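Below you'll find a set of structures to go through.
Okay, so chain A shows up in both of these, paired with chain B first and chain C after.
Moving on, here comes the complex of A and B:
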């Protein structure tokens, strides 16, 4: 039986019932930008970078089921401009100093900014005061770079079974918190080989003392752009 | 030479002339002159008008980030800060010594930096004054003028700087703000491709550096009345030297030589700098005034940089530069040279030395292979001292058990020369400007003297050709009576 299809930027994409637009596109080798989506977890819909236009409405591709015959616009000037604006807001909301950041070249936020040709933050910087947490012997938390994707929250809770992280506060006062009385990572059961320790798409959760061991120029997104790296390497590898 | 023009007695009734900003130097500074009705200079000061605050915002950052973030102090000599920080943090991670590969990669990077910075300063920034004269038309007195009048000199100058930048790119990963030096070692080897490309040009760079030394030497010999006298302020000289007294720019021990050539202090371990040097503060400048502690602020100030290093060492361990050092010493009959323009001659001798070191180091197999990292018992603090292009650079860090920097102290090269530059400004103001009708060319004399030190006033990127000079004459009531504006 042939699978249903929808049109992504004019090209046919097959999908299974219940599959989201982003998942189906990805399985077909088509990239839709995303930061908070991860193949191991259900859709989260918080970063909004996967915004696409379907029947005149702007929706999150990660959380919108594919429908037969739908016409989805993704890689268009209008949608990419919207994504750049979202990126620019993410950059000014935290303290993202790429020139001295050890995650430079391995950071999805930075890679997406390059991918979408974001040349300037444009908005006024918030310069939030976010002290680092260096209490853990193996892992540093630099909250300056958090984009609130909650991947660490979800990984710790659902895969590590620990619930080390949580988002607290609302709106502009939202922040990533460590689930301990003291608020310190050292006072949790967090371990350097937890899934949560390796899932951060930006430079918040960092293995200590190895920050610049890999030279700039030899890092993930130095070798290939995000829209290539983010796609599954072979069929079945989602 | 004296400090009598540092502060005028009757400041509020004097005319104020400001050279703001000083052009063809790195960073931003200004000079103020206070003149009486007859044009006699009563006060001359070099001010550093920028405040960067790196020492404060480095605190609380993880130590492994420091060599990368601290080099953002400067777009001209980031390698110096990158390496001084890495050297200091080698102690923190117990990597003393680092491996042969790390040591040689860093040295190659450093000598590439010396080469490109010295070439930039001499050819792009200083040579227009020397080739055309201090009073030459402004339209000619720049690198474009050098290109038009002396295309071969300009081509070699640009080529030398380009080569130095390529050495940096091959070792640090980027021409500016690379990331190769890490606490404990280095994160890359030199590729065979880069080695071969650099080797192919190394002999040419040595030859061009020799020509540059000869050019400055000819200038001195042609006009000793100017070169031996202009901006001459005798002082002690401080620099690192190797244990055997050789010139050593990457690592060594501190030596202080008196103005007349006597070695006053020797073999001072660089990590003892805090006992050796005190930094004085003056209310009119953001930049501190270091002096040798036990000599006191009046007798203990000193010069650093090429003029200090070439005369402080016993010899230069590469033959062509050593021959030029001997010629330099013979020129003054063995007496220590203190004239500010002699900095240029000494700087070109160092550039030749750097070119020789690079040429000789490139075939070393430790660069293209071997262990890159070392480690040992952890320490709470570390001091890294290096001879940056402009002089002795000191980085000092305390790191907590949680790996965050608790405290940091940076003494950059230009700070060491603060007192010397101020005295030079006063010397030139008194001899050349006092009682004269001020002209752009006359004010340029002040800038020429400052430029000789190659100051990195804010350790910031220099905007070549875009730095305006605005001079305003104010009467005793502060009203502007005359104004001259020069654009780039």
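Moving on, here comes the complex of A and C:
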């Protein structure tokens, strides 16, 4: 029996019942941009980079089940302009100083900005004051780069069974917090080989003493763009 | 415009490190092709101190003091096409890392509480431009036409970008040359 299909930018994509648009597209080798989605976790739907248009409505591709015969628009000038605007808002909301970041070249936020040809943050920068937490002997937390995807929160809670991280506050006052009386990472049972230590798509959670080990030109997104790297065969623990 | 007229180009480094200008010189032998097509107005390379009417203005660095604001406004008024060149012009870059600190405390930390300073006071010579409380990307002060990211953008990226501009195309930097670092 043939599987049902939907149309992604005019091309047929097969799917299983209950599969989300993003998952089905990915399984068919078609990339839809995403930052907060990860194959090991249920959809979160917060970053909105995976926004697509189905029958004239904007939906999150990670959290919208595929329907037979649906026409999905993703890689269009309209949607990509909206995605670029979301990226620009993420960039001005934090302090994303790429030249001094250990994650530069391996950062999904930066790679997506390259992919979508974002050359300017366009909006007024917030320049928030977000002190770093270097208390842990093996891991540095640089909150300046947090995009609130909650992947570390979810990984620590659901896979490491530790609940080291949490988001506190709402809206513009939202921040990533460490679940300890002191608020310091050193006062938790966090370890450098936790899933949560390896899942940050940007440069918040960094292993100490290994920064800049890979030379410029050989880093993940120097070698291939995000829309290739993010497809199933090569996506793992990044 | 007669086809033979050379385009006038002005360049400046505001709150930058001149790294983008060094990278501009890194276009190597393309500099001959460039000078066939352009003539320089105000630039660190000509040492002219004011900017006349220009076709293209390349601005390196962000805006960190009152003089930067005046120069940037002069560039915007004189240049038909204004380009933010490099990370500092685009997002403030390294100088903007002081933005979460109080500028008064920064100055006193440097000039008043450092051992071995002869006169322990913040310099206040009227010739010195006043620092702004925050360092700003240039698009927060004037309208900017195009942005060329990189810290610095490579010579190759600058050449691709300028070639597009000179040919009348919308400048576009290809994937391997587009970098924020």
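Just so it is clear, the second predicted complex is superposed on the first by the 233 of 238 C-alpha atoms of A that agree within 3 Å, B and C clash if a C-alpha of one lies under 4 Å from a C-alpha of the other, contacts with A are read in each partner's own complex, and residues count from 1 in each chain.
Keep this in mind: a residue touches a chain if its C-beta (ideal position, glycine included) is under 8 Å from a C-beta of that chain, and two chains touch if they have at least 3 such contacts.
Source: prediction; values computed, not measured.
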*Looking at the overlay, what does A:215 touch: chain B (first), chain C (second), both, or neither?*
first
*Please indicate which partner A:57 is in contact with in the superposed arrangement: first for chain B, second for chain C, both, or neither.*
neither
*State whether A:122 touches chain B only (first), chain C only (second), both chains, or neither.*
second
*asked:* A:100 in the overlay: touching chain B, chain C, both, or neither? Say first, second, both or neither.
replied: both
*Determine, under the contact definition given at the top, whether A:134 touches first (chain B), second (chain C), both, or neither.*
first
*Looking at the overlay, does A:114 come into contact with chain B only (first), chain C only (second), both, or neither?*
second
*Under the contact definition given at the top, report the residues of chain A touching chain B in one complex and chain C in the other.*
97, 99-100, 216
_chain A-facing residues of chain B, complex_ = 60-62, 64-65, 67-69, 72, 93, 173-174, 177-180, 182, 187-188, 400, 402-404
_chain B-facing residues of chain A, complex_ = 97, 99-100, 102, 131-132, 134-135, 140, 142, 206, 208-218
_Could you list, by residue number, the parts of chain C that touch chain A in their complex?_
84, 87, 90-94, 96-97, 99-100, 134, 136-137, 139-140, 144, 146-149, 151, 172-173, 175-176, 178-181
_Going by the contact rule set out above, which residues of chain A touch chain C in the complex?_
91, 95-101, 104-105, 110, 113-114, 117, 119-122, 124-125, 127-130, 216, 222, 225
